[in-house]
Every structure is written in structure tokens, then in C-alpha cells.
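Take a look at these structures.
Shared chain: subunit A. Partners: subunit B in the first complex, subunit C in the second.
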Partner chain A sequence: MTIFNAVDKFTMMSGDRVKIKDLLSSRLTECGWRDEVRLLCRSILQEKGAISSFTVEQLVTEVTPRARSLVPDAVKKELLIKIRTIFDENEADDIDPEEA
Partner chain B sequence: MPTSAAPVPAVAAQSPTTRKAIANNFRELTKDPKKLDEAANQLYESLLEDAVTGIFIEVHHLRKIGNLSALDGVAEESAHRICDVPNLDIFGVSTAKKAIDCTCPNCDRLVAAARFAPHLEKCMGMGRISSRIASRRLATKEGTSASSNSSYVHSGANAGGTDDEDDVDWSSDKRKKKSTQNSRNNGSKKNNGKTF
Partner chain C sequence: NRVPILQHLCVFIAKVAKIRRKQRKSDKAFVPQPCSKRTKTKENSVDSTTSVISITSSSSSTHSGSVVVAGGLNNTSSNNKRFYPGTGAGRGTAENETAAEAAAAADSVAAAKTTTTTKSSAKSAAGRCVATEENETVARSGRGRGVERGKDDKDEATGSESDGGAKLTKGPLNAAYLSACLRTVQKLAIELDVSVDAKSVASREREASGVMSETGCRHYQSYLKEHGYDTYRVIDAYFSACVNKDARLKKAIHCYCFECGSASIQLYACLHCIYFGCRGSHIHSHLRAKKHHVALELSHGTLYCHACRDFIYDSRSREYALINRKLEAKDLQKSLGWQPWIPSAKDSNLLLANPRRRLVRPNQTIGLRGLLNLGATCFMNCIVQALVHTPLLSDYFMSDRHDCGKSSHKCLVCEVSRLFQEFYSGSRSPLSLHRLLHLIWNHAKHLAGYEQQDAHEFFIATLDVLHRHCVKAKAEHESKSNSSSSGSGTNSTSSSTSSYGQCNCIIDQIFTGMLQSDVVCQACKGVSTTFDPFWDISLDLGETTTHGGVTPKTLIDCLERYTRAEHLGSAAKIKCSTCKSYQESTKQFSLRTLPSVVSFHLKRFEHSALIDRKISSFIQFPVEFDMTPFMSEKKNAYGDFRFSLYAVVNHVGTIDTGHYTAYVRHQKDTWVKCDDHVITMASLKQVLDSEGYLLFYHKNVLEYE
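Let's turn to the complex of A and B:
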């Protein structure tokens, strides 16, 4: 089992994944990242929309790296700190289900 | 999200042993701070990926439905552009005021539109004071030779509906005016005679 798989499953099991996801999406909406990416998609579509062979996959590969870099550092930092605190909390809580 | 959405019910339905296994896996991971950092980064990346994918789906949906072009809207025609030239308003029409004149149907004079209503009131003899002025004017226009009766008929046709009350006003007004003028003259004469 990979690291990611373990974390993914564990956070999904504890319900923290949904919480972090909600926090991230609300932060991204607040800072206008969502609108920026939407505009990016539209401008690319306007450029390449005429080409019939332009697929969604191509759009994804083109936009994703740019969308990543568009995320404000403050949001990224906040998210990482939040994830770490949740991990730490889970570490402390871990003993309880084992005993039960 | 579609990749991670499927396993959720499966995880929830898993037996306590697999739950324990997952927890154990996680706990082993947390022992190594380096791995924990990596895990945090990976979790963040995957969540970000989900967010981006959400936007892609949204845009793709809009595009397939045709709403994306609708959101862009139709380019504004140059005819409807806002005009930005001095001395012209936004429609490109001159801002200089031009006087609009109306011809009075009663006396055929040119009257400024803003003054038309008061003029018509006076000219046609509506209202108390105006009726007197109008009737006087009519009387002078008709000439002294015409009798009061015939002049009334004419004025009624001309003004288009002066009522009976006006008629009474007209005739009595003339008499009153005469009498008042007389009395005033008399009075003044008397006064003059007395004072001097």
C-alpha cells in the first residue's frame, strides 16, 4: 500500500477529507481562483475551439499546471497546516478505536 | 473526485479488521515525519486536482450545452455604442436645445411648447380671469357693430365649447365692467371734486 493510498483511505474513513475539501473549495472561491481558472479555460477554448480534434483531456493537460500555480501561497500554506493538525489529532485519537 | 467517490461506501462497509488495518497503516506512516510531510502534500495535491476537475466538468458541461457562447454574449453593434463626442449626448444627438413651437388653433400664433398650455387657457377663455380677457379680445375682434348675441354664437363655435356659465360671465362681465368703470369714474370724480 502506497503512502497516498493509506492517507487517502484513512482521511476518507474519518471524514476529514470532506472537511478539508470543503475548506479548500471555499478558500479558492473566496480568493477568486475559481473564476480565474474558469476564464483561463474559456480563453483557451476560444483559441482552440475551432479545432474539432481539441479534446477535454488536452484542455486538462494544458490548464492544470497553470491552475496549480495560480493558487495563492496563503491558501496553500493554510491547507497544509490544516492537514498537518488533522494528522496530529488522528495520531492522538488512534488509540481509542483500538481499545474499543 | 470520481476516482475517490467510489471507495467511500466501500470503506464504510468494511469490517472492523480492515478499518484497523487502515488505521495501522496510517499510524506507521505518522511515525516518520518525512513521510507525513509527503502525505500532507499529496493530500493537498489530490484535493486541488479535484477542484480543478470540478471546474473542467463545469466548463465542459456549459460548452456542450451551448451556454458558454451565451455567456460570452453577442458583440455590441457599433450603432448602439455610446457616443463620446462633446456637445452630443450618448445617442449622438446634439444636446443643443431647439425650441419647439406650436401653432395655437384658436389665434394661429406660434407659441413655445412650454407656454402653450397657459396660452391656450387664456386664448380660449378658460378660467376666471382668462375668460374675461378672451371675451374682451373677442369683442374687439368682432367689432362694436355686432350684437352681443351673434358674437357669442361665433365665439362658441370658435373656442369649441364655451359653456353657458361662460356666456353668463361674458355678458354680465361686460355690464359689470361698464358699471364699475362708471362708478369708479363717478367716485373718482366725486372725490376729486371733494378734495380739490
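Let's turn to the complex of A and C:
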């Protein structure tokens, strides 16, 4: 159990996780990451598509590290800030009813 | 500020880890006892079922009777504390399971409720959890019980975790529970169908039977023959889309790899039995060992066939998935996530029938046409240029979505549709808008005649006429389709006019926003709020009377002034609905919802009793800006209100006589100046240095539904 998992579970329960995921996917589309990865897949397939045994898994293992490195730092940073504000806000919400 | 969060996260981590440890211990210590077998599963599913069920068996056997304590979050009365009698090891495992999950729920509550006052029993409950870590202390959320009894969740935001706790009494993750879940999902889906989208489901079903129908692979087909869609539907609804709070909680607790225990990003759920496994070897070894074929990838909800070693697509499953996604979106009050575009039968037939494609390159002029001046009709030309270059509007018209039964020469929408075809035909000669002008004259009498007109007035009148025609065309179309096929169109009338009296015609979808005005009574501070739809925002440019005679210099200044609280003064007393008397009050505008296209009208023409004049002062406006500060709800963490400029209408001349031109964004970073039939390239600097009369901004990120 890491802090990563705890954040994961907590956001999962509050429903924020899906919203963060939506945000991430729209950011990745916006910055062109989705298209880049699509092209990457396409070029790999053109290269190796002739091999009949080439499976989705092989494609995924080949694409994943490169796709991961293509994610812009700005997107990562924004998501990090967003997750932080979610926790900050939860904290603020908790204080309000008790002290008011 | 960060410390309490970390603290509570640590508590949370400790708790979940503890449950995990116990669970693993009990997995080893206990011989699985099948408690409720699924009807169709073979013995292999039993071990996975019981591995979940036996979470607390071991601990409750050693500490029977050490259950308890309740943490009402802000309930201090002891009535809310709920004591559970000790449960022996032999007695129903389901109850133990409930207790353990409640503990997890309470933990999550503790994690959520970060800093509470010492009085709060939640904290004491959490504290006790930490103190008596070796004992099985089960905290039950007091509020959870309240919700369970009262069945109303007034406080969505704070009650979410405990509400989930309340529903846990339904039982552990087994076949019986899943069938209960299935009923919930079906019920929710039926509600959704009636209230939201019966029409689209019907149309999707038609599509599914049409050209693009996909049926997965033969393994999936034989799986379906044996198991049907129910398992898929419920697993998707609970562990992929999470249609309600209960589902989210279930996912958070149960969704981890049965092999390595990690809740990694890409988990697969076996659709033959209850099993979760990480992408790669974990799920594969399970599928291979048990000879199961179909699994569901949970983060995207895609089906995977192990026999084919590939992802598979089945249109009926996809429909269920879409319903689940819609339920999830509704439950969380968010917009639907990205959905792939699936062409309808009509679309694909058209694409097949017209194989020629046109590649749009930079520096191409397609989409640009000059417009002839028919005698002081520049007010119309500039608005038409702005409208034609509205991306959403061109998407609508270019995909030929306007379906109008009657003869096209009477309908303004058909005329605009024809204009779009003309603009994109590739011809470069200027167009004459005489038919459009004639139609406008017929439908907006105040604009008829050969006089110079105000472009803003024309813009609003055009939107109004287009909107009226869209509504009419839709109504006619529906009544026709109702009479021809009475079965399909029964509930379609409700969708044409939704709440707020706002319809969902293309004009309303693109241009209508909602303005919120709050009138605050100065005597009792009571707020009365009203909402009004708007098509554009008119901004004052003259000196402010109240704030020391400041003149706005930028668009942002104007907007700040527009949304500032305004004292209505003693002359304009309003009857307050709370204190039932005439009182002085303040009024403040804010933007409740924003349209996809926001148009700003700078009030350059001032008509007063003394003098009519044009204000030619320079107002700086940005290319891109964020509207968040002017929204009613600023705290919405996910709203994206960034806008980009795409058209500017300018007026040169005096109040009595002048000329309109328009700058429009032709392609990314390419601007053109449209001066009647003359179209010239323009730089962004020219655009931003222009005076500006009407400014058109387009939303950067559009939401689905």
C-alpha cells in the first residue's frame, strides 16, 4: 500500500478519479498526444504487420514506454495540481460545517 | 496545510493495508467454504468468491464481541451510535464481511474528514481504530445509518462515503450480490431511458442492426450463448463505469489483482468467474488455467478475448457500456467522457457513395467567399462571414443535419445550409445574399428596407429566426414521422423542449448561455436568484457613474464591470420575498452556464435623451482568455472555460453612416479581412488593433452532452 494507492482509492470513492481521467484524456487529445501515439502504432504495424504472429500485447509493450515518454510535462503537472486541490478542497469542506 | 492530509492518508493506508493483511492471512488459514454458489459457475469460481468473503473470519473468531463504535461525523448525540452484537466465527460470513467493509468505509470517511474538531466523534472513532489496531474495531458511520433509514441524501458532497457504507448491508461480492447489483443497474437504466434518452437508444439499436454491426468473435458469441449479457453488464456497471456510490466503494475495496494485490492502472475482470488480474501475465495465467476466454479491461471497458489474443467489439455490449457511462456521468454530474465516433448507416453509405476526398491544406482558400454589397448590406455580410466561420455551425451544416420537410426556399435554415455549400464549393467568385436578405425581411420586419442597419441587431434577429425555424422544422418532422411510424417517435416530443423552456436546436446548443442574477436585500440579506438565457453579452463602454468615473480599457474591464454588484439605490426599491417589504437591494450578474460561442457586443452606439454618439475608444481584447472568474460557481474544479477569438466585426464611420467589415479566423493562425466582396489576408496584430464592435469567442474544449 503506497500513498499512490491511497490517493487512487480515495479519489475512486469520491468519483473524482473518473473526472481526473476525463480531464487527462481531453488534455492528451488537445496536445496531440493521441494522434502521435496513433501514428506510432501505425508505423510499428507497417513495420511488423507482415509477421502474422504480431499480437496486440506485443504492440502495447512496444508502444507503452514511448507513449509514456511523449506525455508532456505540463499535463503531468496540471494533473498533480488538480489532485492536490481536490484534497485541499475536501479539507476545506470538512472544516466549514464544524466551525461555522 | 499539507500535513493533515498526509496524516489522514497514512491512517487510511494503514487501515486498508490492515484489511489486506488480514485478508491474505485468512486466505491461507481458512479452507474456503462455499457459501452461495453462482448458478452457473464451476468449482473454480468458489475459491475466488470466498477469498473475498473470508476477509474478517479470522479476526472475528479471535475477537468475537469486540465489534463496535460509531462515528457520527458531526452527530454528537449517542443515539447515533450503533452497537453490533458480537458475531461468532461460525455465523454468517456475510455479516462479518459487512463489518469489515464498514470499517473500510469509515476509514475512508476518516480520510476524507481531515481536520475535525476534538468534539467530533469521527475523530475519536478514527483514533480508536489506530489505537486498537490489533483488535477488530469496526466503526460504523452514524450518518450512514441515517441515510439508510431516511433514504434521502440531502448532503451529496459530504455524505457520499457514508452513504456507500449504508448500502453495504447488501452483502459481499458474490453471485447473489452481483444479481442484486444487476437489478440496480437495470432499474437505473430504465429510469435513464425514460427520462433522458429513449430515442437515442432506439436509434442505436437500428444502427446496430444496420451496416456497422459488430458481433465480437466466435468465442464471445458462444460465451454469450451460455451466460448472456448480464455478467458483462453488471461488471461493467460496477467496476468499469461505477454507476453509483455503492459501485465506487465496491470498486475501491475489491478491485485489485488477485495475484499480486496491486490495484494497478489496467486491471482485467474475468467474465466467467469472479477474478481480477493485472494486465499481462496475471490475468493471462488465470484465463489459461481456467480455460476462460472473455475478460473485461476495466479502465476503458473494452472486451478482451484470450483465445483470439485480441480486443473484441460487440455492438450490443457497447450499447450497455454507453448506458453505463451515461449513468455514471449522471451520478457524478459530469459530462460524458470521450466516445468514439461510430458512423450511422446514412453516414457510411454517403462516404461509400462519394469516394472522392478533399484534402484541406494550409494556405488554401476553400471556405472563403466574398459577399456582394446589395446596397448598404454590409451589416449582413459581416455577420454571415462570422457565422460561416463558426466551427460548430459549419460542422452542423456541412454534415447535412438540418432535415426540413418543406420547400427549401421558405426556410432560413435551408438557405443558410445552402450558403455553407456555396462557401465550400471551391468557387472564388463573390456570392449574392439576396435570398437570405429577402427571407430576413419577411421574418424580421424591422430590418426590411434599404437603410443601413445595425449589425448586432441583425445578428440577434438572424439567430432568432434560425431558432424559430429549427424548432418548427423539428416539430413538423416529428409529427410527420409520428404519423408514419407511430411506434418510434412517442417520447421524442419531450426532447425537443427541455427544461428552462430552452430547446436543443443547433442555435441554442451553440449560442445560448444562462445568466444568473442575484438580488440581495440590504435589510435581511436574503438572496433571490433568477436565471435568464442569453445569446450575447452587451457591454457598456461609457464612464461608470458609481465607481469614480472610470472608463473600461479592456474587455476584461468591461466584464468585471458587468459582473460587479450594483447598488440599486433608494429610488428602485424591490419587494423582498423573504422579509415581505420594499427594501433597497444590490444586484449582481454572473454567468451560470456559458455557450460554446460567446459573442460580446461592445455598446459603441450611445443613444441618450441629449445626444446620440459613437464611442470610438480603444478596447483591448485578448486572443485567448479564461471566463472562470465571471462564472457563478467558481469552485467547479473540472469546468474548462477557456475561449479563443475567431471573429471580429468592426464598424468604421459615424453613428449615422458607416461601413462594416469583419476579421475572421480562416485556419489556425490565419486571419482574413472580409470587406464585402474583397477578401484579404490579415495579421493577428491587425485584428487585435482594430476597434471591435462584435467579438466572437469559441470555447476551446467542448464537452460531450
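Going forward, the second predicted complex is superposed on the first by the 84 of 100 C-alpha atoms of A that agree within 3 Å, B and C clash if a C-alpha of one lies under 4 Å from a C-alpha of the other, contacts with A are read in each partner's own complex, and residues count from 1 in each chain.
FYI, a contact is a pair of C-beta atoms (placed from the backbone, for glycine too) under 8 Å apart; a residue touches a chain by one contact, two chains touch by 3 or more.
Because the structure is predicted, anything quoted here is derived from the model rather than measured.
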>> After the superposition on A, what does A:C31 contact: first (subunit B), second (subunit C), both or neither?
In response: neither
>> After the superposition on A, what does A:F87 contact: first (subunit B), second (subunit C), both or neither?
In response: both
> Looking at the overlay, what does A:K19 touch: subunit B (first), subunit C (second), both, or neither?
Replying inline: second
> Now for A:T55: first (subunit B), second (subunit C), both, or neither, which partner does it touch?
Replying inline: second
>> With both complexes overlaid on chain A, does A:F10 touch subunit B (first), subunit C (second), both or neither?
In response: both
>> Please report the subunit A residues shared by its interface with subunit B and its interface with subunit C.
In response: 1, 3, 6-10, 12-13, 21, 25, 56, 87, 90-91, 94, 97-98
>> Looking at the complex, which residues from subunit B come into contact with subunit A?
In response: 4, 7-8, 11-12, 19-20, 22-23, 25-27, 29-30, 35-36, 38-44, 46-56, 58-60, 63, 68, 72
> For subunit A, which residues are in contact with subunit C within the complex?
Replying inline: 1-3, 5-10, 12-15, 18-19, 21-23, 25-26, 29-30, 55-57, 82, 85-91, 93-95, 97-99
> Of all residues in subunit C, which touch subunit A in the complex?
Replying inline: 1, 4-5, 9, 12-13, 16-17, 20, 74, 108, 111-117, 120, 157-158, 160-161, 164, 242, 245, 248-249, 251-252, 262-263, 280, 299, 309-311, 328, 331-332, 334-335, 337-338, 635, 637-638, 640, 700-701
> Given the complex with subunit B, which residues does subunit A contribute to the contact?
Replying inline: 1, 3-4, 6-13, 17, 20-21, 24-25, 28, 34, 37-38, 41-42, 45-46, 56, 59-60, 63-64, 67-68, 71, 76, 79-80, 83-84, 87, 90-91, 94, 97-98
